[in-house]
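Please go over the structures that come below.
After this come two complexes, each holding chain A, first together with chain B and then together with chain C.
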Partner chain A sequence: MQSTLLKVKESRWTSRLLSPIILVLLILVFAIATGGRFSNPRNLKMILEQALVVGTVATGAVFIFATGNVNISMGATTALVTTIAAKAYMATESVPVMFLVALVAGVIIMGLTALLSTWLDVRVLYVTVVMMTLLSSIQMSILGSANIQLPYDMTSGMGDANVPLILFIVFFIIATVLFHFTALGRKLRYIGINDVCAELTGFKRSRYLLIAFLVAGVGVGFGALSTIVRNGTITTDTCSTLNMDCMLAIVLGGMSCFGGSRSNTYSAIVGAVMVTVLNNGLLMLGVSNTILQAVRGVVFIILVCASQTRPQGLPSRDG
Partner chain B sequence: MPNKGEVVLEVKDMCKYFGVTVALDHVNFTLKSGEVRGLIGENGSGKSTVSSIAAGMQKASSGEMFYLGKPWAPSTALEAQKEGICMIVQEAGTIPSIPVADNIFLGHEDLFSFGPFVNHPKMVAAAQALLDELGIGIDASVVTGRLDLQQCKLIEIAKAMYWKPKILVVDETTTALSQTGRELLYKLMRRLADEGGSVMFISHDLDEMMTQCDAVTVLRDGHIIGSLNKDEFDGDVMKKMMVGREVKGDYYRSDMDPYGEEVVLKADCITTRRDLLCFDLELHKGEILGIGGLSECGMHTVGKALFGYEKILDGRVTVGPQHTVVKDVETAIKNGMAYTSKDRDHESVGLPGSIRDNIASTGYIKNLLVGPIISFKKEKAYVEKEITDLSLKCASQYHSVNTLSGGNKQKVVFGKWIGGDADILILDCPTRGIDIGVKASMYQLIYKMKKEGRSIVLISEELPELIGMSDRILIMKDGQVTHEAMRADHPTEHDLIEYMI
Partner chain C sequence: MKKRMLTSAVAMLTAASMLAACGATGSESAAETESDTSSAATEEATGEEAAATGEFEPMTIAYATNATDEVFATMKDAFDNVIGPALNIEFTYSEPLSDTGALTTFIENSYAAGADAVITNLSSSIDQAAGVCEDLGLYFVGISSSDAVENADLPHYLSVAGASAEGYGESYASVIKDVIGDDGEEHGILILSGAAAYGATSFIEGTAGSLRALEEVYGLTYTEDIDTLATTATQIDAENDKGIKITIFPGMADLATNVSPLLQTGEYDVVVGTTNIYDSLGVAVNEVEEALDMDIKFITRATFNDAISAAFNGTDSQGSPVIDGMVCNGTYENVSAVIMLRNAFDGNVDNMRDSDGTCSRVPGMIPLAISSVEDYNTLSSADIPYSFVTTEDILSLCGADVTWQDIDEFGASLTTENIVAKFSA
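And now, the complex of A and B:
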């Protein structure tokens, strides 16, 4: 019995199946608890729409997390990119320009974050602590006291054309191919497993960290565009919970936030839906927004603990 | 101290499970005062497990222990240390960022406290007194990270000796020590036993066991196979007990095969930040070049420098017929070089990753389907081939390397580079901490690689291994080659040691 259980625990499929099962259970629980309000098609559609932004950014974040690095400035980056792209649209009234600006801005800011980490030889986490506040203050000074109100015609038109969904699918497919079907993903994971060993296998950490950030930067650009389409109004509150949502999504999806072997893009999509279901369901049950943040924090800590595999007995010993 | 010959530790019917793996299976064992007791067995036989349970580092799944006649169930290593059972572990047990003195008194800072503060000068003075008394020439106030592996080990020994242990467990410590370090440790062990303490000594080096121990106990697969007293010591008997089948006395290569003329790797007057000053080396095709010396002689730096991992300040390393300059690890690998570090767990293998993650890491280019897309089928077969060729013991290629024994971990490292078709292998202590069964197959593998025309730099602290395997041996001292010996001249250990010290 014990051996069967262990086999199940060690199986590669357990973590991949576990998350969808929990997701279905969550939906059922919320559906019953809210007396069906949660499961009505309009609400479910809204959840999926919300999940698209988180899913897009989280998919990019998988590349960074796989290397064993934690980035906490992705939300702030997306917020700033959203603001810059919206400004660009207001100035030119051209959708292609807005797309281009979003992508370029996302890639540049993320690339810069990676370079700062490697140039200064400071861990990504610490660089992003600084970046988070820095980018937020830049966004605030760009916005000033006024919010940016984008024309309704443009946002609703793009919404009707399912632009966020298309952006997500395009990015997810590209990311999945890169991550699972080319050497890139394997190298990133190997860096997450043991970065010294990866360096000695010829995978230059600084180079692959930059590549990971550039891919994530594309995700940020796409995520920013989806945010513009969904929200229509850009305020200092835009994307304020996005970073936590992404980190939660990644661990809820079954990936370890310490990267390594079990990293996969699939976690981002399943996790993104789970996070939004959790947010939406709890709000619907009357949990206040402030308490919701606390609940999410607790869930995150529990998952991080659970996803850390502890060595049995003493590490690196024989006999 | 208990009287000589009195039973100090008794282990009764002890079992230990790691998940489904049985590490100890109803083990019974007694330790008497005044003896140096060796524990021998292959990797995974349970010798470290039983001793670390006695030292409070982990708990048994079932069974009892009695220490000085009383039931013994330490909950932490600190508790065991205070009661008189200290253990020196195989892997690094010091914290690099704090001074030596702080490492020695780690967890016991209260000895030097006044109120909530620690009297640090007093602690350093106490540590220095201890080091001096033991004859270890290290300054107690320096930061531990500035010391090398050998000195760190000596600090751990000092740390254990401070508590005047009644039982000292020395687990696979000598592999990290050079001859002088070993001598010091042997002396301390003997002194402790003479004063009425006991030593549990774990090592893979049978010669060392036979000279240092009063008795040995052999374990295999979590069972006690038997015990031998000093007058019954016999290498072949011990090996047979450990492995469970006959093992021939000599497992090195016996041939006199020549090697090629062509120089495949050349170090041209290289200078590094530490250790090396204008160092030259030539490696020929199909040659096994042994490099030996004391641990701090600079030979480990040579390995790193050849592979482009140590910054070369002056001079250059060139590889291949085009004399490509090895400026970094990437160039080295592109030119068919491979490197296995002495510090295997930290530098050569990704422990939390699967066997596949590790072995496949050198074969991405070989396993492509179309364009940059990797063929999962090819990759699986690639890994499977190495697992079969090396007879790596594992449930599947998806198994985490963490769960493998030391020998099998090393096989993963070898498989990774052989699969990647490396032609020039720099092996730094490839058999460190590996039992004789696997060692023999490693030697065969190194010989097979030579036969295939690969060139090997074998850096080792074990002279018999160098003499047994190398075509040519370089002995180093203080970053310089002091002696060169050819295989044809049949050098002896005695000849070579002279040039090391």
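And now, the complex of A and C:
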């Protein structure tokens, strides 16, 4: 019996499924505590919609986190891309142009960030600290003394057509295939476990870091489009909490802060939904926002501590 | 192994925190009930009010705020303990929100939690929020100094309440005329335009109003357009035909460091802040006054609190008041929003909206212009109700015959002069 429990504890599936299981339990508890109001399909749809921007951007960020690096300019990048894409729409009134601009801008800015890190041989964290400030000031310069208010008909129309959900699903499928079913994902996780060993094996760190940033750039582009649909108004405060939300989502979703073999693409959306479930459910139970913030903070700190230890070992086909 | 145990602990903690929260809700509710009861007993609980309270169906209003500062705390206290019990309204509040996405999320979660109506003071997002409320069937009032741009025809979008940007301009002009208008001296004036460069309308109008007042006081003409000067993103001299030194300094960050060198030149003896500059610049101004042995007249935007009271009633090293004039944000907008939502919830929707089928615009009370310590002390007295509106006033503005114009007119009557006359009697 004891050995069976030990086996279950040490199984890869236990660590992989723990976060989704906690999420399901949370949903069940809230559904019971609110007499079924929480599990109302409309409420569940709202919860999913609330998580889509964070889920999309964080899914891309998983590629960077997997290599053991932390990019803290994801929010600033998304804010700038959102502003550029919104400007493009206001200039052309063309949704396809807005889509194209968002994708291209996201990929270019993230690519530049990766190149700065590898060319200058400076850790990603330090480069992204600088980039965060730089990108924010560029966004403020572009916005000038006015906010961008996009036509409500356009944003609500795209919202009704579930564009953010479609963007997330498309990106999630592509990311999952790349990350879990190709050599790229294994190599990124390997770099996350031990970058020196990976380099000696022949996996050039700078090359794979660039690829990781480019994929994350696509996520930023899609996330920016979802932000436009959801927000409608772009200000200097747009996406101001996105960076923190992405990191919170990834860690709550069961992924280690240090990347490596415990990296999964689903961590991002599981974590993002978990945050919105906590917000929504606690508010339904009448908990004030002050306490809600405290609960979120405590959970985040404990999960960060829980993910400090990295499993030692080489990557396998199943992670 | 340890890691998994920790993760299990987190799961347990999450569940425990929820249960704790459930408990907290119960006790909070009990405490609130108790508080409400005692509040009802001590607060003007006349028979007439009790009867009026009994007439209202219970409703819940979700208030989405952009800050949880002292102003918010004062409003929350009044809502929870006076206005809520009087109108049978329960309020829920957001954490400080900074963008439309977070506002949308709060509205959706409030709807799920049973809210009937929403108020927000996140002025950049009110039209989008109105759209979200319409989809969810929630009555909505936005608080802003600007008019609605979009969605004004949505049936649940009742009104945009809030002192118009022009009101800020008028109040600044009034204070400047009071402080420097009649001394016949030539001054060097430094105007801190705050977030005007980023499009904040109340800051733009505060700066523009100050420039217009100086134009009138000195009979001068600027070489550049006033709106261009007001929205400058860099420090600029407002050049004029009379050669009066007027400088506009934009930005709100680190004012003590950035503005002190300007003051130390000794060229400025009037400082006008379109935001609360007393907290960040009060000490720096005092140091310059002492060092240069000169009096600097200080005009700031602020709210009533202990620090401002001490400054208004105190004197600086030159024997002059520390604060010479003040523009105080109106709070009637919050009260008027609640009254309009109460009326709409009770079936009086049409009267809360404009007759042309769009949302109404209730500029109401303009920011208070205060330039004497006597007025300040009367207005900041502890006996004065929130927003200078008594419970009887609020109840008189609720009913089937009340229109948004009535609510607006009441707010417009709340001038410094009228309030002082009413409450000093």
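By our rule, the second predicted complex is superposed on the first by the 259 of 319 C-alpha atoms of A that agree within 3 Å, B and C clash if a C-alpha of one lies under 4 Å from a C-alpha of the other, contacts with A are read in each partner's own complex, and residues count from 1 in each chain.
Everything below uses one rule, namely that a contact is a pair of C-beta atoms (placed from the backbone, for glycine too) under 8 Å apart; a residue touches a chain by one contact, two chains touch by 3 or more.
Just so it is clear, the model here is predicted, and its values are computed rather than measured.
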Which superposed partner A:181 touches (first chain B, second chain C, both, neither): first
Touching partner for A:200 - first (chain B), second (chain C), both, neither: first
Touching partner for A:152 - first (chain B), second (chain C), both, neither: second
Touched partner set for A:282, first chain B, second chain C, both or neither: second
Contacts of A:290 with chain B and chain C, given as first, second, both or neither: second
Contacts of A:123 with chain B and chain C, given as first, second, both or neither: neither
Touching partner for A:239 - first (chain B), second (chain C), both, neither: second
Residue contacts on chain A - larger count, chain B or chain C: C
Contact residues of chain A, present in both the chain B and the chain C interface: 309
Contact set on chain C toward chain A in their complex: 1-4, 6-11, 13-15, 17-18, 21-22, 24-25, 28-29, 92-95, 98-102, 104-105, 108-110, 112-114, 124-125, 127-128, 131, 149-151, 196-199, 231, 233
Chain B residues touching chain A - in the complex, by the definition given at the top: 18-20, 23, 41, 43-49, 52, 57-58, 89-91, 172, 202, 219, 307, 309, 328-330, 332-334, 339, 341, 345-354, 357-358, 360-362, 364-365, 372-374, 398, 400, 402, 405-407, 416, 433
Contacting residues of chain A [partner chain B, same complex]: 2-3, 6, 12, 177, 181-183, 186-187, 189-190, 193-194, 196-204, 260-261, 309, 311-319
Chain A residues within the chain C interface of the complex: 9-10, 14-15, 18, 22, 25-26, 29-30, 33, 37-38, 40, 43, 46, 49-50, 53, 140, 143-147, 149, 151-152, 155-156, 227, 230-233, 235-241, 254, 276, 278-293, 295, 298-299, 302-303, 305-309
